[in-house]
Each structure stands twice: as structure tokens, then as C-alpha cells.
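Let me begin by handing over the structure; questions about it come next.
Order of writing sets the labels: A, B, C and D. Residues in every chain begin at 1.
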């Protein structure tokens, strides 16, 4: 059974996604739409970390590992198949499986907090270094060269299932991306209502108590981590569709940004990370067009300000503020 | 009477220190057993071995005759063992009701789990706290909510580690009543160093000293034994 | 990034609610016509800014020069500069923006081959003319792009014989680990073998490697006659520094296809940089009247903020813009196809770097090449090769015969 | 034979570099449990100090060894005062804030100095081993790593200040009751860590280039080294540097620099899987 509140949130989110998918392509210019698709794909990535960190207590410094794996698998598979239809399930399965395997390694090894951070960070860095060093001719999977530092600029966009001749246009890909984000949000909300989701939250609250109640903490964490890997992989597929895959997807700067999106948006919420992601991405892009101030300086200053001024993240702070205002409204 | 939980020559060493040194012990169904001993006698280490938090370095643990040595805590719990730790271990971000529901949700569907959770909270006389956030409760209330979580799945055996730690005299009295009440339906092992408390509830008492079992007998006999007094007063035992 | 006067002006105008390329517009408000939009995409920050800064400065300079002379077709040029921050994703974003939002008449940009390959398909898809003004590994065959920099047949082909003639037959190659370094090292291998020598080994380094200690020991063990470097970016400068620190400068000389392309020679001390030999189609020190006049104007305008125009990157950007402007004048239109057709007539300009002519079949250029040695942080021409055609690309690409071709050819050499 | 000696020397200098770039982070993380993501930028600032100072004609040794720790230590003290102090005990927030700080430093330095700073060349020249030449400065770095480690050890173990610092980190309330101001101790420790990072930046400036973004090349490696080392910050960092640095250099020799780094990272994962509390979580637990 889904509670009223959750149902409402899911309803609103799906409605917003559908509205955005229907309306935005009509009113936005093509370039804005393509940029928006990039942001949305990263929003899915932010959501994945928001879920496992905010609700499972798994601080993953390397969520980009699954993002990149999803993208690369999609690119390599669709170039080899000549059709994107079967590339998608493959590109979802691989990051999920890798997340499960890595989760097995960490959680069954009882590795915790900071150490887990290092292992996940290291994983994405290994993938980064590896992908970066595949510029030579010997690095080929089937008919697809891995391209090293360049990545694979020829990543094919989605085609109509089983019809490789009909590729989707950027505005259609935008619609798909927005719907994916909406569905991921709804799925995350629903997961948190199930026993599995509630136990995961309980594990975040107190691992020992959950264990003493007979729940296999390691299995739950591994499963949640795999769900996160799945979502990040989906984000990677969407990203590959509007940009193309390159080692940057695994890079330290992306890995760090995801964490910042979640923190700025509000940890312990699902919408927060998505909002944080889109805000910061917009800002980064805007900063690149400014010539009077270094973009890094601007972003850095904003992050520091955010930590000191809105330590809980934007969404929770805004919700609290609204609640306060509403209360004041009631009183008067 | 069948043996529920037993150990055979259980040992636990940390580096050069042997905290539990060959403990053999058996708890029967329906029994109320107290493990006592001064600080550092090895009780808590023994408790953590029983609950799977430590993997013993020697000896074996049996549950209804089955070897369960080195099982993980969740697997121990699934056998039907309810465990309460010394420092209350709770889900501070959840409400009391949510916490207790989760305790039974492993075994039952949602509706049934809710019914049982309500019953457990009422049984511990904290039915009115269901909607409160656990993190905001007072110390005594937290102890009771934790007990509700332990009791709710109706385990065959409850293991309590120092249940009276940090309690006032009055609260300790109530805790004693509660344990006796719970003992009507569950076997209980209480790890405790407060002799007064043990006196009010005990049937069979096992005394730990320097990682070994010093003696094991009914409460009256144990408390009269000079060796036990010496242990508590810090005299060396011959 | 240093705050140039232009930036300061921008700041003021920006505050007044004007657009980014305000100076150009303001000066020509009198012309009253719609400005022609030109977009520049170069890294002004991040690890590749040592190349981006001179390119941006030269593009700014070229646009201002043209506007001061009355603009094009009676319209002023509005230059929009984007800084992709050495981030490939931002390249694609800004290229999309240039094509679909700004509707730019032409995009000048891309530094690494990685960034070029990232934006080339986008600009082609959205029918936006693209100028790539960097020395690169050659082989791009696409009617929508003009590559105005030198390619291996022009630079490597001159550098390797110099090395073999003066230093010896056998070389050791160190190269940046991406398509530029990979393909360029194949070209080096090809020319070294043609010269009767051997490539003892090729080592590739990702752009962020700074510790070359082990590589330097390996090179010593291989005992080459010379080292040829195709290293790229700020981090790789450490190689030259560590090479000098190991005291190897006297025993094994270095030649490079990239050294001096940014400001490597200025970042290094004379003891570290002296004696390194490069081949480019331009050096700031090139001695001719046009270059003298150009540098005078350039320094008069930018003053102390003028970047060092090491290798050809900045100058090629200046030339690339002027080639485009000349084509617009001849076509009397900024329409993409009209301009391409005008360029394909083989437009030729006398530039500070010597005469530069568009090669219609390949969309590359015929240009002068200099082999130059670094002395006291400056380059001195050792040999000059006038009017070198882009033979490498020409051997595989003929856009006159196959106008719809769209790929990058690679030389087929086994390393 | 002489090749083997050269390889061995490279391994030692690889380890030494890792020690040098990790020590500052080890002190800040080991003592205060603060993950300073701006550590790499402290190195960068140290490098810039060295280069700017020597550009002004200041003595080379003064520019490399004295000024960077002073300047960066001072910057560290300011950062602690303005930013870190508000965030003690909030590990994740500290990370976000120091990440922001790192970006701001990169941006600020880029705006101030751009990219046209002259590097300094390494002192000492080179010496020959058989057919090979080795940079003398590499050996100086090895010596510097040993001396630095000894200094850190001696300060913490032998001086009253070190004792007070360690005591405060163990139990701030107790220290306060004994009349020590924990705030001052934290501030000084952070500044000391920053100074170490600054010195490291000055030391590596002649070998690697000095660029606004140079810190990013070191932060991940330093972070991984310190964490793999475990609770005993000095011993842990030394042992981890030894293991990881050797793996890095050996694999770089056998394959390519990329696979050298991959090997380092894989080694770190394997170590953490086997020793979930870091190396000194299992061995040498009593060490400093």
C-alpha cells in the first residue's frame, strides 16, 4: 500500500515530467533542449546517489563508475549491434552487475564509511585511467574502438526499437530522458515504501540494530547499491545519447560534482539532488560564458557559502521555510 | 527440558589477551539465566560471541543441538533470538511504531506486523509513544521501545546485556518485574554486574571471573559462596 | 586567465546590461547593421589554457582589426567567446549553442583533436561552418571543416630528417596518449623508417602525468640518438624539466612536434629548454616585415597582457579568421555553402607566417614550415621550407570528387 | 646491474614523493578527522610561492624550503578560522566546503597569475651510475621525505606541543579542563598540516610543473595513501607510501604509467579489502 503523501509526491513528479516532456519541446530552442537533456541525464545520476546515500547511508565517492559503464556499454554495444535496442538492457545490466559485485566486495568485507569512500573513488579512477589509455589501435571491442581520451564521438543516438534506420531526434530524446527521470523518482519513492526500502533506511539509522532484528545488512546494502548502479547506468545511457561517451564520465571532477549536487540539493530527499544537479549545471554552463570572473572561483565560492549558509541543503531548507511561513499564516 | 543454547569450551582472544577462556554453559528452554561477574570478567565478550558480533577463536556454540559458531548476528537473530545491547541500539530517525513494525516485518505481512507491533508496545506499556520519533524519547522510554522491538517477533530466547545500566533504583525495580513477566513466555539470559538486581530476579546464576566460569548454581547458593564475594571485592581467588 | 583590458571593458558594459561581445558592437553602432556572429570556442582555463590563451587573444585581435576597418559586407562582426574549461562536455554544449542558438556564421575553435572530434559532427549536423586552426595529426576529410594548421607531412616530415641528419638515425618517441599523439607517433615512425632509422620504443602518457622518472630511465637504457616528443599540455612540461635535471641534455637531444606550441619554452628556464628543436608553420620570432608589423600592432593593443605566440596556434587562428573573412568578401554572403565555395577557389593570403593557400581538395592549407631551435627561451629558425602542401591528407582525401565524405583517415603504420 | 640500481633509486624516489605529498593530509586527517579536499591546492600554492619567490630573485633554498610552508601555513590558519572552524565534527560538510575552497583557489590563482609563470629548475645537477644519469634532486627528495617524517614524529612524540595536540584530539573536554584551549590546538594543527602541504608543493615544484590545476593530480593519490595507511597517521602513511609507491614505480617500468597508476589503485582496493581498517588498523597499532 502506498501512503497518501508518497502517492501525492509520485503523482506530482510524474505529472511534472509529462508536462515538461509535452510542453518544453514546443517552447524551447533546440540547443536549450539538448542542454536540458544533458542536465536531466545527470539528474538521474544525482538521484541514484541521493537514494543510496540519503536513504541507505552508503557514501559512494564513485557513483560515476556506473554512469560511465552504462554509457560505454551502450556506445560499444550499439556500434557493434548496429541497433540500439539490445544495447539498452545490456547497458543497464552491466553497471548493475558491477555495482553488485563491488557491493559484495565492500559490504561482505565489512568495510565502512571512509574506507568505502576510498574504494568507490578508486574504482572510478581506475576506470578513468583505463578508459583514458585506450587510444591505441589494440583497444577495440568488436568493431568499436574505445578511443582513449577522445572517447567515442560516434556514439549513435537511440533508434526506434528494431528499426536502426530511424534514429530519434534530439527533442524526442529529451522526452525520453525526462520521462526516465520521472519514472526513476517514482521508482525510488516506491522502493522506499517497501519492506526492502524501509529496512535500508533502518540500516542507515542503525546497522547493528537492523542486524540484531535478523536482517542481512550486507545483502540489503548490496541490493540497494545495485539499484543505485542501475539508475546511474541509465543516466549514463541518456548522457551518451545527448553528448557522447568519453573518460570524463569517470573523472574525479564528475565524481566530486555528484556529491556536491546531492549535498547542495539536500541529503535525505530525492527531489533535492535532482534540483541541486540542475541548478549547479546551469551555473557551470553560465560561468563558462562569463569572461570577467573565473568560473572555478565563482563555483567554489558558492559551494562554501552553501555549506555555511544552507548546511541542510536547499530543498529541506526551503521546505522548512515554507512550513514556517505557513504556520505564521495560520496564526495571523 | 530441552537445551536451547549451549557453548562448549568457548574461547575468544584479542592479540595476547584471552577475554573468554573455555566457557561451557547450557541454557534450557524457558529458563531465566543470569551471567554475572565483575567488570572485565569477560561477560560482554561472551555476549558478543553468542550474538555473532565476535567470531570466537575457539570452542563452539550450539542452538538446539545445531552448531551455530561464527554465524553472523542476523543469522543468530533469525534462529529466534532477541538481543538487547548494553547501550540502547535504535533507529533514531524512525517513529517507535515504524521501528517495532520492522522488527516483525521480516516474519509477517504489513497488516499483521502492525497488529503485533501495537501489541508489543502495549505489553511494555509504551503504546502511547507509537508516533513519536525514537531519537526524541527519554532514556527510559528508549530502553522500553528497544525491548518492544526485541520482544515483538516472539523469540524463543532473549539475551539482555546489562539491562539496568543507567537506570534509577525505581526503574531497576520495574525492569526486574518486566523480566520476570517476559520469562513466562521466553527463555532469558541476562548479562549483568549489578548483584542487587540479580538477587531480585535470579533462578540460576553463572559467575564469570577472568574469562572462565567460576561457579554455576542457584541464586541462593551463589550469593552465599565466599569466592563470589571475593571476586566482587577484588580478592585473588586461590 | 589574466584580466585584459577587454575583460575590464566587458565588465563595465556587462553591468550596463549589454551583451558579451559588446566592444565590437559599440564601436560600430554607427554602421547600424545587424552584426555577423562569429563564435570562438577555446579553453581559457584548465590544463589546456596554455594553448587557448594565445588563440583567444589572436581571434579577438583579428575581429577588432576587421571591425576597425569597417567590418564585413558593411556589417560589424560580433565575436562570442566560450570557455569550455578544458572539458569536452562543455565543448559539445557550446558548439550546439553556437549552431542552434547563436546561429553563428562560423565557429573557430577546438584545440586538442579530442575537442575537434567532439564538435565536428555537431557543427556538420547543424550546417555551421567550422575552422580548426591548430597543428594536428592530419587526415580529417569533411567539407564543413577547414583545417588551417600544419599536419605531419608538413612538420614531422621536416623535423625527422633534421633529427636524422644532425643527431642520428634511431629515435625514442614520447607522446601524449590520445589520438593526436597516437597518430602523430605513427607518422614519426613512418618518416624515421624512411630515413633508414629505427624507432626504439614509443611511450604514451595521459595528459595528467607529471612524473617521468621511470620513463627517463627507460630511455637511457634504450640509448637512442634522439628523443622526439609529441607531449601536450601543462603537465607534460615536467618531462623537459626532469630530462634536464637528470643531466641528459648534453648526451641525448630532443626534437618535438609540439614544444613551443603553447608557452613551453617560456615556462622552462634556458638551461632546460635550450637546444630543443620544433617544427611549426609559425614562430613569434619569424623574421619578415608583415610579422614585424603584426607584432607591433598586437603588442600596442594588448600591452603587457599580450600572450607569447609560441608555435602556430595563435597565428593560425588569426589567419583562419582572415581566410574566412576574405571568402565572405568574395562570396558577398555569409551563407555557408557560398563561403565554402569561395574558399574552395583556393584563396590565398600573405600573412605574418608567410603565404597561406587553401587546398580545395582537402580543405587544408599550403604553408611555410620552419624547423627552429630554442635558445634562451626564444625560437630561431634553423631551416625554412616554403609552400608545403598538405600531402598526407591529400593522399587519401579528395572533397572535390567526394563532397559528402565525412571521416578522419589514419596513416597505416605498425609501431 | 647499473640498470637495477637505477630502477631501485626510482622506486625509492617514487615512495619519497608519495610521502612528501601525503604528510600534510595525514596530519590534518589523522589528527582532526578532517578530509581536506583542498590539500592539492595547498600544494599548488606552495609551488607558486616557491616560483614567485625565486622569480623575485630570492635565494633558491629560501624559496623552496622556507617561504612555501610559511605562506601556506598562514593561509591554512586563515582558512581554519574562516571556514573549517564552523564545521568541526561535520565530516561531509567539511568535504564540500574544502572542495569549494579547492575550486576557488584554482580559479583565483588562474585569475591572478594566469599561465605564464616561469618554472624553477632543479638544483644539484645529476650524477652517473654506470651508463645512467640520475637527477641529484630526486635523491634530495628522498632525504627530504626522511627528514620531514622525523620532524613530524619528533614534534608529536617529544615536544610538549605535540603531546598537548595528541591529547586534545583524544579528548577535547579533558584537555579543556586541563587549561588547554582546544580551539587553538585545532587551529595550530590545521595550520601545521597546511604548512607541510605548502612545503611539499615547494619541494615538488622543480620536478613537476606549477599550474593552477596541479593539485588535482595529487589529491586522489594522497587521499588514498593516507586512508590505506589507517589510524596511525605517520606509520600508516609511511608504510602505505612504501607499498603503493613501489607498486606504482615497478608497474610503470614494466608497462606504462597508466597501468602503474591502475596497479596502485588496485593495490589500495586489495589492501582495504584485506585490512578494512587500513594497514595500521591491523599491524603496528601502537605506532604513531
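Assorted remarks:
One rule holds for everything that comes next: a contact is a pair of C-beta atoms (placed from the backbone, for glycine too) under 8 Å apart; a residue touches a chain by one contact, two chains touch by 3 or more.
Just so it is clear, the model here is predicted, and its values are computed rather than measured.
The fewest steps needed to get from chain C to chain D, moving only between touching chains, is 1. Chain pair with the larger contact count among A-C and A-B is A-C, by C-beta pairs in contact.
For chain A, the chain whose average C-alpha position is most distant is B.
Rounded to a whole number, the gap between the C-alpha centres of chain B and chain C is 75 angstrom. Distance from the chain A centre to the chain C centre is 36 Å, each centre being the mean of its Cα atoms. Chain centres here are Cα means. That of chain B falls 48 Å from that of chain D. Chain geometry summary: the mean Cα position of chain A and that of chain B are 43 Å apart. Under the contact definition stated at the top, the residues of chain D that touch 2 or more other chains are 107, 110-111, 216, 256, 258. Looking at chain C, residues 1, 3, 45, 177, 204, 206 sit in touch with two or more other chains.
Listed for chain A are residues 129, 132-133, 253, 294-296, each touching two or more other chains.
Every pair of chains in contact is given here: A-B, A-C, A-D, C-D. Of all the residues in chain A, the ones that touch chain B in their complex are 1, 195, 198-199, 201-202, 204-206, 208-217.
Within the complex, the chain C residues that touch chain D are 1-3, 45-47, 49-50, 53, 177, 203-206, 208-211, 213-215, 217-218, 220-221, 223, 234-235, 237-238, 241-242, 244-248, 251, 263, 266-269, 271-272, 307-308. Those residues of chain A that touch chain D in the shared complex are 59, 105-106, 109-112, 114-115, 117-119, 121-123, 125-126, 129-130, 132-133, 252-253, 256, 259-260, 263-264, 267, 293-308, 311. Here chain D touches chain A in the complex through residues 35, 37, 83, 86-87, 90, 92-93, 95-97, 99-108, 110-111, 216, 219-220, 223-224, 227-228, 256, 258-259, 261-262, 265-266, 268-269, 272-273, 276-278, going by the rule given at the top.
Per the touch definition, chain B reaches chain A in the complex via residues 51, 53, 72-75, 77-78, 83, 85, 89-94, 98-99, 102-103, 105-106, 110, 146, 149, 153.
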